[in-house]
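Same chain, two partners: subunit A is paired with subunit B first, then with subunit C.
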Partner chain A sequence: MILTNRYVTQVAPGKFAIRKECDDWKPTFLTIAPSDQVLPAVVPATGSYTFNVSQPQFDSSRPTWVILNQLILVDATDGASSVFTVQMQDNGHNRNIVRAPLHVKAVFGSAQTPGFIYEPLILSPNSSLRCITKKISGGAVNIYPYWCGYEYVGSDIERVRRILTERQEVVWGYWMTPDIDTAGTTISLAANATVEYITQNSSHSFQGLSLVGKGTGNFSVEIMEGRTRRALSNGSITLNNALGTGNYPHKFDAPFLIQPGASIKWKIKDLSGSSNNISVGMQGKLFNAPMKNIPQIERDLMIPADMLRVF
Partner chain B sequence: MTTLLKTKTGQYVVDGSQMDVIPGFLLTDYPNNRITVPLNDSVGPYTMTVSKEGPVVLTNLAAERTGTARVMLRIQDGSSPMGVPLMNAACHIDTVFGDNEKPFALPEGFFLQEGHALEVLDISDLSGESNIVALNAGFKRLRSPVPDPTGKLARENLLRRQYVSSPYFYTISGGSKVLTALQSADDDITIDSGHNFEIISIQFVSTGNFKINIFNQATGDSLICGPDGKSFELPHTLVCGTAKFPRKLNEPFMVGAGQNLTVSLTDTSNAENTIFVTLAGIVYRTGEER
Partner chain C sequence: MIQVPIPSLRRGERDSIFLSRSRENVRGQFFVPVSSQVPLVATARSGLANSTQSFTISAPSDAYCELFSLSRDVGGVANDIVQRTYIMLSEYANGYQRQLMPRPCTAEHVFGTGQNPFFITDPYSEPIMLRPEGQLSGQIYNTSTSGSTSYTPSAEGRRIGLTALREDRELDDGLKATLLLRKKVYPYWIPLNLDVGAAGSLLGLPGITVPVAGQATAQFMVFNNKPGKVLITRIMGSALTAGVAGDTTNLFSMDLYDPQNRKLNYQPIIFPAGAGPATFPYVLPTPIVIRSNQVMWARLYNLVTDATTDVFLTLQGLAVDDFD
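Presenting the complex of A and B:
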């Protein structure tokens, strides 16, 4: 048996070497400026914070590419006494990553069990990730949100840039949510009330992979895709039996693929018997590419299926 | 699963065949999506019926409950008027069902055709208060498998596989054991003569700490091996998990058809201790393949 890993390779019997590539990547944490880390007690208090891609200190002229795949929030409240929502935008690509604001605990995890994004977010040099937070209730609180990932500090920047940007143009991580009419808040339901939202999918295909949600009390939800009338359940799932959190999203056993332009109906009902601030979302990926079946691809593009390669 | 494909000419395409397999959640039939169990009482049966949109493969179990309860599950697939049992006795709900964040992944998927049902035979309250229970079985649904437009081949393959093996839960007799302070007791689990049982994970709920050992009387094999090949009880925290965080075995522990498993329990809480133990696994039927 040859004992090697991604950075250790056997160069001759009994001789091992460490690959040069291990010097090219380093782990990275992106966070907000200390001056932004206080959410005041004013309701509603809105903050807009930016995670910037920094330059490596040893060579400020060298551009840095950052790949982010984990979301961690360390806060003093655990969402109990101070509740706020987050929405995020990739400024480099001018894209929303979270469609409408979601409860912070439905997106971020902890250091032990981080939240994650299904498609790593790639930030080019000097671009930024904007995080908008809005207070729902509670007193002043310090927040410490982090995005974690790794950054490229090697010399073959052109090759890395090609690989990273090509994929990022056609697929990116996304949180699909009901379109809340009051920007920056959760869905506010009176006791035992019911509300329906219709989300119109964009011109991209969306692949739902898990459900997340949070409420100040229990609630139920029915989700149906309008074009093909595919329902996710034969009744109402509830916060406590089907909607996960940022660190433990409730994963689907098969992807829920939604066509461009199709609508998603969300029927939400309070079960707590009290007023309820509700966040619900489907976590997955958006694709900027046409959707076709394999026979269709073969017919339209005159390419046999075995000539396709997985990207 | 691959979604994004790249053609030789550089075009990207999303594989639309994923539209034919969709995820979903099977709940108890309307209007009983949330079942009220009166204090210290039992209710049931309730069915969780697969709709006409297509057959499903059940893969995980999650539950919301306001108090503790026992549940007894079986499958109604038309093969027997009594249905196919999924467990030998009612199990504590927390040893079978996970929750919204961590559903319990069945050791093996269970195929159910349209109109067939997962049946909740009985839910018994253990909390001493009125209890609301909402059960949720996660599935993937086959809509129109390509190149098998009617799904005939998929159905036959899944049914044939299922006749050979399917998920199952074994619990100690009566589902639980009550020990007095520092008492030791053995409990036997007899594997049905119609199948072999492969233990995948061990779940527990208890009112206090205890030690446990599990061994096969027929072979003398124990889950716990100590010095000189001797086996002895270990603290439950080392051996057992919950449905939410099950204690999975690193290697399968196979128990033959008709063999007896002895579950040795010793209270270490120095108080009366009610202990629920559930073994989750896969049964391999011994009959001829049909």
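Presenting the complex of A and C:
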């Protein structure tokens, strides 16, 4: 049998069939449970708004697995007032996905160009994702957030459970950020000011794959990994020439590796000449393993092609 | 032995159109209708009569042509005219004639722009394949009463010259397998199939009018009347409303159900979060399979508080003719 493409298989000369796996998965659009909040949700002008995203229990007798890989946000005023931060936690594993709050535009995208997670987020039955939002400036905003992916509806649930649980124990998507201390907003810099943050990596290996950021105005950043003293650049890189957004991140040609326990220095400088609310992060994968084991993990715990459809 | 088809190109591999096998006779090319046909000027609709224009994109007599992307140049006309211009595409290509859509489809869901063409093969579909002297033909319908439209369609693709096939046995074998695949697998658009029927609306053509908001809803079904299956990989949508300034810009939301009647969403999907135009369609994380005689349906909610909303939705993917 020769695979002619992702979904249509040539089974014999002149014979083509749709792969069975297409029937085992269906697209899914997850959002806040309607029992918690009928959309739109409101991010208030002050304080924060926290909500959970869990699997819809259309059929509570049948547990399903959901793989999420698209992040889409629409606000009620066509994006003009989406000035808030977002932080996400995987409740099932009690771990952060976004280290410190990031500007929502650095994480989410639109239907036309969704934001994405390098390592798809796997929601097992009864687990959920917690999302904490907080306005940076301006008034309250109505939002429609969606986590899109695919849900298993086939019969081989045991195979799916085994593969997904093994993988998600070891590797997950992650946004590495400076540890800002302003209780859930951005880095607030005065005109032309400079600030340095030292972030201590956990005992996990981080593979940085792209850079994202957002600011009220332009700013520059320098990033250095403390253990190997490897810098991401030989000077300051600016928002406008090196940082992307959730839907258009600035992807690296090769991963930027951060060793377990290493410190990361972020040196950030305002270039706008005015006060600047800054959000910056490095998107990638976190591995619960030494760096040298990553190739083996990617090989041994690979999600089969029929279960992982990342375009 | 099964011969392997020549891989089709995808958006990220676009450069290789012009480098394909580095042979002079295998190269990238733009394809446009003959000059006497463009621009297609379709006058405004008069009464119940739509203005129609036809065009043909032809392959030369000495090459096979694969069309990977579609784009258009549209005259500076009002959004109402752009959205209410429909197109019907057919192939006269491989010794047979087939339609690439069951009914005319909003042209904005078929053609992209020069900067962002509608890339048929991205993330996955088969390109349109034309044998030597094969034709891609289309009809443009202007259903707007607001004015005329000026339309110039074009396609970009790969041309495989007959000379190259004679010189390269491997390429020749690959093309034979490719033709076999393309004969049964081809791109397909399914627009809404609900005719509203009121005078001045979308009579006889796809489209749906969602009543004034509140909890006003409308439902539509997509029925696959082909003998084969259709894989839906993308959702495209647009809308028109006369809502007052300051009203919501998100216009409508929708519940989607797959052919097994499984709901795809937890809460209604707001329009901009679940659809896009041909330039940036919403790409489904995994395809929806609509088998022969199956239906897929949706419920639409109008979010505009003071006017009806005309919704244009198109499901796009590929058709696999009746071979299991």
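As a convention for this text, the second predicted complex is superposed on the first by the 238 of 311 C-alpha atoms of A that agree within 3 Å, B and C clash if a C-alpha of one lies under 4 Å from a C-alpha of the other, contacts with A are read in each partner's own complex, and residues count from 1 in each chain.
Keep in mind that, in the parts below, contacts are C-beta pairs under 8 Å (C-beta built on N, C-alpha and C of every residue); 3 or more make two chains touch, one makes a residue touch a chain.
Given the structure is predicted, the values throughout are model-derived calculations rather than measurements.
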### Message
With both complexes overlaid on chain A, does A:254 touch subunit B (first), subunit C (second), both or neither?
### Response
first
### Query
Of the two partner chains, subunit B (first) and subunit C (second), which one does A:244 touch, if any: first, second, both, or neither?
first
### Query
After superposition on the shared chain, which partner residues are touched by A:153: those of subunit B (first), subunit C (second), both, or neither?
second
#### Entry: Touched partner set for A:233, first subunit B, second subunit C, both or neither
first
### Summary
Residues on subunit A touched by both subunit B and subunit C 309, 311
### Message
Touching residues of subunit B toward subunit A in the complex: what are they?
### Response
1-9, 11-19, 21-30, 33-34, 48-49, 51, 53, 57, 59-60, 62-64, 99-103, 134-136, 138-141, 143, 146
### Query
Of all residues in subunit C, which touch subunit A in the complex?
2-5, 8, 122-124, 126, 180-181, 184-185, 229, 231, 248-250, 253, 256, 258, 260, 262-270, 272-277, 279-289, 318, 320, 323-324
### Task
Mind listing the subunit A positions that touch subunit B in their complex?
170-171, 205, 207-208, 213, 218, 220, 228, 230-245, 247-250, 252-257, 259, 271, 285, 287-297, 301, 303, 307-311
### Task
Would you tell me which residues of subunit A are touching subunit C in their complex?
2, 4-8, 10, 12-18, 22-23, 25-34, 38-40, 56, 58, 67, 69-70, 72-74, 76-78, 110-113, 144, 146, 148-150, 153, 309, 311
